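The same chain A turns up in both complexes below, where it pairs with chain B and then with chain C.
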Partner chain A sequence: MLSRAATRRSYSTAVQAVVKTTARDTTGNLTNLTVVVNNSGSKAGKSGISHLLSSFNFLNTGAKSALRFTRESELLGGQFSSNVTRDAIVLNTSFLKTDLPYYVEALGNVLSNTSFRPHELVENVLPVVKSQYESAIKSNSYLALEELHELSFRKGLGNPLLYDGTNKITLDEIKEFAAQSYTKSNISVFASGAIEEDLVQFINDSSFSYLPSGDASSVAPVTLFKGKEARIRSGGESAVFIGVPIKPTEFAKYEVLSAAIGSSILNSDITAPLYKLAGVDASSSVLKYKDAGLFVISVKGSAAAVSTAAKQLKTIVDSADVKAATKKAELSIALQSTFESPLSFKAEATPVKLGAFNYVAIGEVDALPYADEL
Partner chain B sequence: MASITSIVKTSDFILSRPTLSKIVTPIARAFVAYAGYREMGLKFNDLIMEETPIAQKAISRLPEDEIYARNYRILTAHQLALSHQLLPPNKAVQPEEDTHYLIPYLLEAEKEAFEKVELDNIEV
Partner chain C sequence: MLRGSGVRSIKNFTCRRLLSSANGPTKYTSLSNGITIASEINPNATSSTVAAYIGAGTRAEHQYNNGISALTTNILASGYENGVLLSSDNSKEANGIIAQTTNDNVVEAGKTIAKILSNPTAILEKADYGVAKAKLISIAEAIESNPSTKVLEHLDASAFQGYSLGLPTFGTTDSIKDLQLEDSQRLLEKYLVGSNVVIAASGNFDHDALADAIESSLKVQQAAKPIVKTASFLGSEVRMRDDTLPKAYVSIAAQGEGLSSPAYYVSKVAAAIFGDFDHHSSIAPYTSAKLASLVQEYHIVDKYTHFSRSYADTGLWGFNAEISNIGAVDEFVHFILKDWNRLSISISNAEVARGKAAAKTALLRELSSTNAIVADIGTKILLSGYRNSVKEALEKIDAVTTADVKAWGQASLWDKDIVISATGQIEALMDYGRNRNEMAMMRW
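And now, the complex of A and B:
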C-alpha cells in the first residue's frame, strides 16, 4: 500500500469496454468487483420495485441455477451480495484475484440473462424482502429517516427504500424494470485489485456485451420541500430528526457545518457541540445522492432528554464555528470518499443558518416538542 | 420409480423414431381408451402420484387457474366414483384437452432436486 502504483486509478483508453469500467491494481490477493446500476435505486420506478429486482440478482440465470452459482462460489471462496440504495442497485463481489473471469461472467449473466421464474418471486424473493423490511422497521431511526426523505422529496428520493408490500408488483413489472435499468449506459463496473486490460477483455467477452445499450434514463428534476413536520407514535427509543434538503452544490458547506456541530463520521470528536448534549445520542450527517442531498441532525435517547436537547439544536447550528471546522470537514470528506463513489468537492467554510427545515419526532411523541417549539 | 425426466426422455426417443412410434402410439391410445380416466373428467397429469416432495413442489408452482381447474376435475371424479356414473361422451375430457399441464413443472422441480443431489455429493 506504500507504493504509488498500489493506489493508482486508471481509466480504460486502449480497448473500449462495453460498459464504463474503472480499475485499480492493488497489492495482495483480493479483488473487489462492484457493479453499480445507476438510475435504478429506490428513487426509480414504482415504490419498492428496485428492492425486489435487487433480490432477484444472483438467482437462476439462463446459464446457471442459483444453487450451482452459490455452491461454486463457496468452493472458490468468493462472496457476493446485492444491495439497493436510493440512487442505484449495487452488486458486490469479492474473491481471489485468479477468479476474475468467473465472477465477471457471473455478473454479466445476472444482468443480462436472469430467468425471472414465477416461483422464485414467491419462494425466494418475497420472503427475503419481507424479512429485510421487517428487521429494518424495528429501528425507529430507520422509520424517521424514511419519513424525513418522504417529507423532503415526496416522490423519487422520497420513495421508501425497501419494498413494504403495500402496492402489488407483478413479475412482469419487475422484468420490465430490469430491462430498462440493466443497460450499458446505466452500468459502471469498479474493480479494485484487477489489471485494467484483463478486466476490459473479460467484460467484453462476457454477457455484458449482450446488454441493450439504452439511453441514460431521463431523471425527473428533484424538488425540495421544507418546513414539513411528522410525528410517529412508536415503541422503543425516542428520537428527533431534523432534515434540510440541499442541492449537490451545497454539499461542501453543509459538510463543514456537520463537522463543526458534530459529524457521525467523526464520532471521536467529543468537543463538538452535539456530542456535549447531556443524556442523548446526537449527531449530524450529510446524506449525499446524485441529484440532491439531505443534511440530517438526529437526537436519540429518552423522551425527556431528547426534548431538552432538541430545543438547543437551533442555537448550536446558528452559532457553529465553520472556520475552525474546515480541516475536520476535509477529513470527514476524505473518510466518506470511496473508490466506487469518490467525492470531488472541497470543504467550503460558508456560515449557514438552519432556516426552514423538516422535522420528524418518533417514539413517545407526547413528550417531544413540535417543530415550531424548537 | 422412474423419474418423470427419464419417462419424458424415453417418450421423446420413441416419438423421434417413426417405426417405434407407429407401434407404440396405437398401444398408448388403446391404453388411454381402456383406462377411462377421461370419462371420469380427468386429465392424464391428474393421475401422476402427488405424494412426493417433488410433485408437491410442482403443484404448488402451478398458476392459480390451473390449480383451480385441477381441483375441480378431481372433485368431479370423486363425485362420479361415489355415484357410480361416467360422464356422457360430450362432457368427457376430449383428447385435445388432455394436455400435459403439470409435466413442465415436474421436470423443473426434478432438475433442481437432481442438481442438489449432484452438488451435495460433488468431489473436488
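And now, the complex of A and C:
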C-alpha cells in the first residue's frame, strides 16, 4: 500500500482543510509536521516581537500545561521547536507516524489557545530570547548580514531578526500580535510522512478550526535600496559583505551568477573563482524571501587578505561565465529545494553586472577598503 | 495519562498500520570485482548522492602519516564537473568520495565515481599538494580551536592511546606538513581494493542503470581486505586547562559498544535515557530526566549531550558538557556519574520507555538527507559487513527491556574505567581517582 502512495504529493481536494495543507506520504516511519505562519516573521510588527511570540510557542496552553506537553512528547520520542525567519514563524515537529493526531492537536492548541501567562514572559521567554540574541551577535557574519538587510530594505525585511531588547514590548502587545498573525489565511501546514485525508481530518477536528479566518494581510510593497555602506568595528574575524537586493523574478539569474562565481551551497567546488581567492573564505548566496531577495558575497579572513581579495570581487562578478554555470545552478537549486519551500524556478543564464550594491565591512575596519575602493 | 493514539502506540507496536514498512527499499548489486553497490531509492528526493566509501581513515595511518587518508580523499573528491559536485566525508575508519547531482544525472555521478576509483594516481599527480595540505591544516586547526570538538577529539585520543583509532581524524599541523604524493599512493595501493570499497547511493533514480554505468567503467584491484588491528580502551584522562576560555568543557566516557555488538541498541537506549539538556531552552524546567531536573535548579551546567558512538570493534559511551558555573564542575560531574549508577540499580520502566522512544526517532531523524543515508549504508557495510533495515532496527529497540538496560549498565558502566577529557576553566574538576570512584557506590 505504502509503495504505491509513496510518490504522491497531493493538495487537499475532497474534504477541504480549514487551513492550507500540503501532505505527502513516505515509506519511512517518521513524520515531519511543519506549520508556517506567513506574514509574521521579523519583517512584521514591532522589531523583535515575532521572536518573542515564537518563543512563547509550546508553553502553557488552555488545554495543556507546558510541563505536561513536554513530558508527553518525551514519552512519544517526538521533538518540537519554533523558529523565526524574516518571513514567517515556523513550528517544526517530528515524531513517529502513528502519533500524528497528537501533534496536530498540540500544534492547534499552540496556535489558537496559548495562555500567555505573565510569569512565562519573565521566566521562560525573555531569558531564552536574550541568550539566543547574545550567542548570535558573537558572530561577525551575523552582525554583517543584519546590517546588510537594514541597508537594503530599511523596514520590514530590514528589521532585526531577533529581539535585541531595544524596544520595550509588553505581554499585551505580544498577545495582540499573536491574534493578528495566527489566522487561517496566514497558516500553511506541511506534512511529510502523512496520508492527506487523515491529516485533513485531524486538522479539522483539532483547535485549528477555532482560529480566526483573518484576511490576507496587505503587505506593504518592498522598496530596495542600493549604494549604501556601513563599517562596524568589532573584535574577531574580519569580513566584507556585498549585498544586492533583488526582486523574486531575478532569483533565477542570480542563482546562476552565484553558481558561476562560487555558491556557498556548492562549497567544495574548487574550480570556482571565489574559492581560489588566496587566504580567505569567500562564497556567495541568494537569500530568498517572499517579496524580495538579497544576493550576498562574503569574504572572511585576516584583514589584510580580505582587503586584497575584496578588490577582485567586481572583476569576478562582471566576468562570470553564466552560460557555463547553468547546469551547476540547476544542481544548486535542487539542493536548496525542500518540501516546505520548493523552488520552482529554472536556472536562467542571463549575464549580470554587479552594478550598485550595498556594502558592510566588519572587524578591523581600519585595514578594510571602502565601497568606492572596490 | 496521554490522550488519543499516544498510549496505544506505545503498547501495541505490532498493530501499527504505518510502521509496517522500512525506511525505503535498499537494493544491492555485487559486482564481479567484489564491490557492493547499495541504493536506497527515495521518490521524494530532490537530488541524488552517489558515494564510494573506502575502509581507511586514521585506522590506516600511523603518527607519522596521520592525515594522509583525509588528505588523499579531499584531493580525489573536490570540484565540479558535468553537473556533479564532489566532496569528501572523512571519519576515523572510512573515507567517502561523495558525488551529488540532480536525479536525472545520476549515471554521470556513477561514472565520475568510477573514474576516480579506477585511476586515482592521475588526479593525485595533477593536484597541488601545498594548497590541499593548507586546507586540511585549517580543518584540523578549526577542530582544535572549538573547545567542544577539541574535547571530543582528545577523548578518543586518550581512550585509544597507542592505537591508530586514537589519532586525530584530520591529522595535526605537524603530521600533515610532511605528507606527499608517495604517501597517498602507498595508502591507496593497500586500501583501495575491491573488498574494501562500498558504493552507496540515495535519491530518486534507477538502481540498475547506475549499477550498469559503474560496472562498465570501474576498474579496481582485487585483493584481500586489509586487516585492522583491534584497539583497546584505556581508562585515562587529558586536561587541557585554559583559563582564557569562558567556560569549562568536560567530556567523560566509558568503553561503549562496537557496531556489531549485540548490545549496540541497548547502549543507544541507555544514552537516550540521560539524553540532552540545554539550560537556555524555554522548556528546560519541564524536561523529565532526573538528571535534568537536578542540574537546572542550580544552573550547574549550560548544556550536555549523551552519546553512544560505535566503531567497528569498540565504542565510547558518555557525555559532553559545557559549564559556565566553573565553581560547580565537581558538583555536576558528581551528579551525572551518580545518575549513571542508577542505570545498574534502579532505572525505572518509564525511563526506559522514554529512552526507547527517543532512540527510535533519533535513529530515523539521522537518516534525513541523501548524504546521511549513503554515509550510514557505506560505513555500516564496510565496518560490520551488513546493514540492517530501519524496520529491523526499530524492532530491536522495541525489544529492549528494563532488565537489558540494567544488565548492560552492570556489565559496561558499573565500576568501569572511564576516560576524561577537559579544557577551559577546569580548576574544579576533581582528580581522576575521585571521578573513577563515582562509577560505583558502597551501597547497592
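In this text, the second predicted complex is superposed on the first by the 368 of 374 C-alpha atoms of A that agree within 3 Å, B and C clash if a C-alpha of one lies under 4 Å from a C-alpha of the other, contacts with A are read in each partner's own complex, and residues count from 1 in each chain.
The rule we apply is simple: a residue touches a chain if its C-beta (ideal position, glycine included) is under 8 Å from a C-beta of that chain, and two chains touch if they have at least 3 such contacts.
Quick caveat: nothing in here was measured; it's all calculated off a predicted structure.
Chemist: In the superposed arrangement, does A:L75 touch chain B (first), chain C (second), both or neither?
Modeler: Both partners, chain B and chain C.
Chemist: Which partner does A:L67 reach: the first (chain B), the second (chain C), both, or neither?
Modeler: Once the two structures are laid over each other on A, A:L67 reaches both partners.
Chemist: May I ask you to decide whether A:I270 touches chain B, chain C, both, or neither, giving the answer as first, second, both or neither?
Modeler: second
Chemist: According to the contact criterion defined above, which of chain B and chain C contacts more residues of chain A?
Modeler: C
Chemist: Once the structures are superposed on A, label A:L313 by its partner contacts, choosing first (chain B), second (chain C), both or neither.
Modeler: Neither partner.
Chemist: Based on the superposed arrangement, let me know which partner A:A361 touches: chain B (first), chain C (second), both, or neither?
Modeler: After superposition on chain A, A:A361 lies in contact with neither partner.
Chemist: Is A:F95 contacted by the first partner chain B, the second partner chain C, both or neither?
Modeler: After superposing on A, A:F95 lies in contact with chain C but is clear of chain B.
Chemist: Do chain B and chain C touch any of the same residues on chain A, and if so, which?
Modeler: Residues 67, 71, 75, which sit in both footprints.
Chemist: For the complex, give me every residue of chain B touching chain A.
Modeler: Of all residues in chain B, those touching chain A are 60-61, 63, 108, 112, 115-116, 119, 122, 124.
Chemist: Mind pulling up the chain A residues that touch chain C in the complex?
Modeler: 2-3, 6-7, 9, 24, 26-30, 55, 58-59, 66-67, 70-72, 74-79, 94-102, 105, 124-125, 127-128, 131-132, 192, 266-272, 327-328, 330-331, 334-335, 337-339, 342
Chemist: Provide the residue numbers of chain A that touch chain B in the complex, in ascending order.
Modeler: Those residues of chain A that touch chain B are 65, 67-68, 71, 75, 117-119.
Chemist: Write out the stretch or stretches of chain C touching chain A in their complex.
Modeler: Residues in contact with chain A: 2-6, 8-10, 16-25, 42-44, 46-47, 77-80, 82-88, 100-103, 105, 280-283, 285-288, 350, 353-354, 356-362, 364-365, 367, 390, 394.
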